[in-house]
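Heads up, the next two complexes both have chain A, just with different partners, chain B and then chain C.
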Partner chain A sequence: MTTPKRIIKETERLVAEKVPGISAVPHDDNVRYFDVKIDGPSQSPYEGGVFNLELFLPDDYPMTPPKIRFLTKIYHPNIDRLGRICLDVLKSNWSPALQIRTILLSIQALLGAPNPDDPLANDVAQKWKEDEKAAIETARQWTQQHAKA
Partner chain B sequence: MLPLFHPLMQRLDSDFDIDQDDVGFESQDKDIIPAKHAYEVDFTVYSPEEIQGHQDKQIAEVSNILGQPPEATAILLRHARWNKERLIDQYMEKTDEVLERAGLGDTADAHPPRLERIPGFVCDICCEDDADLDTFAMICGHRFCVDCYKQYLQTKIKNEGEAARIRCPGDGCNRIVDSKSLDLLVSANLKDRYQELLTRTYVDDKDHLRWCPAPNCVYAVDCRIKDKDLMRIVPTVHCECSHFFCFGCSLNDHQPAPCSLVKKWLKKCEDDSETANWISANTKECPKCHSTIEKNGGCNHMTCRKCRNEFCWMCMGVWSEHGTSWYNCNRFEEKSGHEARDAQARSRQSLERYLHYYNRYANHEQSAKLDKDIFLKTEKKMTQLQNTTGMSWIEVQFLDSASQALQQCRQTLKWTYAFAYYLARNNLTEIFEDNQKDLEMAVENLSEMFEKPIDQLQGLKVEMMDKTAYCTKRRIILLDDTAQNLKEGKSLVRSLVLVTCTNQPLGQWKFNVTLP
Partner chain C sequence: MKFGHVFKQTLKNEGFPPDWVESAISYSQLKKCINRLTSELSEVGLNPQTLARLIKQVEERNAKEAQENTKHADSPLEYLLNHEDGPEKGGVQKPFQPKLLFHVNEKTGELDSAMLDEETKKKLHMLALESGLTDLRVLEEPDDSKSIESGASSHTVIGHECRRRPGYKTVEVQLTSDSEFFTKLSSELSGLETLQDREEKRMHDKIEELGKQVAKLTDPDRRSNKKLIAVWRQIFQIYVENDIFFGTRETDHGGHDAGMAAQRFQKFANTIAQQGLVDKFKKPECLQALTSFMNINREILQGLKFGEINRTAMTKILKKFDKQTNLNVARSTFPLTITYPSFSSHLAKAVCSELNTSILSHVPQIDDYSCPMCMEIKWRPVKLSCGHVFCIRCLIVMQTNKQHLCPLCRQRSVVDANSDNLDLELADFLKKWFPDEVKAKQKHNELMAGVDQYGEVYKDQCVVM
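Presenting the complex of A and B:
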């Protein structure tokens, strides 16, 4: 199967115009599978951490959104234990005009602004609402423990 | 996403049943199937054609009032979730805003949708830039090549089942793809699917309409029961396809237990199933010789093949005692409160209590399945019997009636146990349990006859027909009594809380749980 022009162009652009704090590198043997690294945003409990994610472009991409998941353990109300992400642009608000880079930027923004009212990890969201300070401290500890480069 | 039903959205002052907004529209052109008993509700069954008819009628009417063409009116109505009063009000007040929000702003007939070739265009979706690329954009200006636009619509309609509110593929754009644009871009067979989905959204958007949940059934049921009344009414409806289901929650008929109890009960059974493996226990040991016995019929009267011991499947007690003393295996004798003082004993007792009701519940569920299997087998044998004895097809129909009655009664009995589990004891509980006992006994008798060898069935015909009629009658009495009492709990249900309190007025159900 030939690689769709869209995927080639996007990949080229990801390499040519780097986004600060984000990298996405396709596998040599599978152009639809990317190793992703996102730096924790500054002034967030994830600051100083580097988070690994895997990203896969399904056959009907870009009609359907990319599949993406955290590989690094992370304490966040919108990310569950399996690393799945609750983000509207990955679901109902996906548009085929969106790109990998925009999605990765949204994920980075989500790290900077957790939203416990729309949780995926219910226990974490609960903690976040009850005692935000303690939750942020846990997130910071997890970052130290699991996301240190 | 907006929930279709939200209790807070219901007007709390209105008395129940009639939806003021829609009176007359769906109800005038077809007979309501009237409720005869306290446990029955009024409802109407509609075919897809009738549902389409309702939509067309409403579109035509509103189209006249708004002075908008039918296509645009349809979009407006769907966008307003078919609340035509609100749509008309808002349209009169702020026309432009309403049009804009429905994705119809400024379109005007001056800009009919068309394909265009634009020099230097690059499609953001596929990255193609050929000079002869056909492109399409709605008035919002988000332009894509026509292949991408088509593929997008196909994905939305075919894979995601969207129809009424498909948005522009542009990122963050809320413009809704109108039907004229769709006509231009979508293939004929996809258009059929689109129409079908549009019809579906009409039913989904109406609180008083529901699809029959039976597989492949195309009918919808209209029932004017409000969410807040589901505490005291169990709205079982009967589709043309013969499926009985609850209008409140779409589950199979679960009378006499209200939806919220059913939900609670099913959740409990699910939660407890992991810790207790007795759930799937379809085999038991003979209480006398301990050989393994598999239940292979619907009846509870078990006879051990090995030692001929006759016992009751439910309580494992000797069967002869069930015959002489009253059939008392439906009731869990509450132990005295003193015994339960220590926490462990209490939890053990509560598990025991739960198991008591659960086992009876599960037993009827299982038996209903077995009764069905047996009927299939019997049907085959009856065909042989017709050939050998000369009984006609009509003459063997009593077996079909018996089988149907058995299943219906077991379905009811099953839920009486979930219901009883949540009931606190009072005078009403006694009456309820008597009714339950009566029905259960009749059902077991009928089930036992049903399992008799084929050559005896001919001689049992009259007796079986009587028993069938009796079972049906007892079921109606039980449901009627229970429903009546539920309804009369009106004042309590009004406050939306039913709790155990010590001075319960006579004639009301008392539950051990707080219901929403």
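Presenting the complex of A and C:
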């Protein structure tokens, strides 16, 4: 099966025009499967951490959004224990004009601005709302423990 | 090697046009000015060390005043590059009149500086006396007519000044070589500016001419051009991708220096040669147009190089000025009128944007006509009611999936799109400029429609065929 032009173009651009703090490299044997690394944004509890994610482009991409999840453990109100991400553009607000790079940027932004009012990881969101300071401290500890490069 | 020498050699060997070389900063003459100024200053006992000491004292005082937020204005000397009194009339800039001001206590006749050595003070007193300031102790209104200048020696002039300070009189040392230096430098800089304007106009005409030529050579209505349009397109695409003079990427934006631009231009030239694109031009008109295109780029490169070396020359000469006189022009009193005209970058910017509008735009690039969803050519183009255009294939898939919103603006424009939405004008345009791409996409669309109807088997069979 030939690779759709769209995937070729996106991959080329990801290599040619790197986004600061983000990398996405396709597997040699599967152009639809990417190893993703996102640096924790500065001035967030994730600063200094490097987070691994996996990204997969389904057959009907871009009509359906890429499937993406965190592989590195992370303490965040919108990311659950399995690494699944609660982000509207990955679900109901997906548009076929969005791209891998825009999605990764949104995820990077989500790390910088956790939103406990729209939770996926219920217990984390609960803690976040009850005692934000302590939750941020936990997030920082997890980053040190699990996301050190 | 000394910079003066390097500068001279560069001007001689880089193949700059003679009128450019003539307009270049006359580094060695300015250097001589500095030497004359140094001897002028030391004649009044102001060797660089003394001046450095004095200026340091002034700076310390200023810092202290700033800290204490008080204004005593009692520094022993001031270095002025211009008259500050009186607004400029009619926008005409006054010539530089650099001078040193020393403040003399009216009661004691003492120069207000303990840092000056006795000999320097004596010399300054002598000069003050010589030029008519006979009694330093007398309180009198300063004379604005400045008749004293007539009795001046060839290189230094002492006179009254109208900058008043209660209790003090001011001794003014006008620096002839100093003003010569700045007058020369600023007139050379404005000369460079004129040259830049002239060059811009000349390049403009050249580009316009070439633009007409390229338009003719890539006119898709002419049969003989058919095969060559693709070649021009590839050349221009490689040109744009190489970002020769300006970076257009997130990690590299802004102007490039001459070295970087030259390197990128070389890469562009190598690439089009390697891909055999130049060889495809058999017609002499095409080769000629390409040569002219390359030459325009070389001229921009030359302009960059010329601008850079002149900028360096200016920075160096101002540094030298400071080092030998300790007057610190480059650091603090650097006058606004001596800003280097952005010869190189300005020219490159103006010329490049013209290249874009008058030449590159004659040959449309496929990326500007690709569908935001499949990133293939927008064939056949369907214009939704919201104004956004996609290829018909992607919209059929969206409608089948019951995805009703426009991917770009999220209006409900996908759901009611039908054959009336075909953009016939754009279709004609695409067929004309991108016949090969249209053909390939058409085939692909038909194949995918077959898959819709008969399933994946259809596709596999077709691929085998």
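Note that the second predicted complex is superposed on the first by the 149 of 149 C-alpha atoms of A that agree within 3 Å, B and C clash if a C-alpha of one lies under 4 Å from a C-alpha of the other, contacts with A are read in each partner's own complex, and residues count from 1 in each chain.
We take it that a residue touches a chain if its C-beta (ideal position, glycine included) is under 8 Å from a C-beta of that chain, and two chains touch if they have at least 3 such contacts.
All values reported here derive from a predicted model rather than from experimental measurement.
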Which superposed partner A:Gly112 touches (first chain B, second chain C, both, neither): neither
Contacts of A:Pro62 with chain B and chain C, given as first, second, both or neither: both
Partner chain(s) touched by A:Pro96 [first = chain B, second = chain C, both, neither]: both
Which superposed partner A:Glu17 touches (first chain B, second chain C, both, neither): second
First (chain B), second (chain C), both or neither touched by A:Pro41: neither
Chain B versus chain C as contact partner of A:Lys5, first or second or both or neither: both
Shared chain A surface residues [contacts with chain B and with chain C]: 4-6, 9, 60, 62-63, 95-98
Chain C residues touching chain A - in the complex, by the definition given at the top: 249-251, 372-376, 394, 397-398, 401, 403, 405, 407-408, 410
Interface residues, chain A side, partner chain C - complex: 4-6, 9-10, 16-20, 60, 62-63, 95-98
Complex contacts: residues of chain A adjacent to chain B: 4-6, 8-9, 60, 62-64, 92-93, 95-98, 102
Chain A-facing residues of chain B, complex: 1, 124-128, 142, 144, 148, 151-152, 155, 159, 169-173
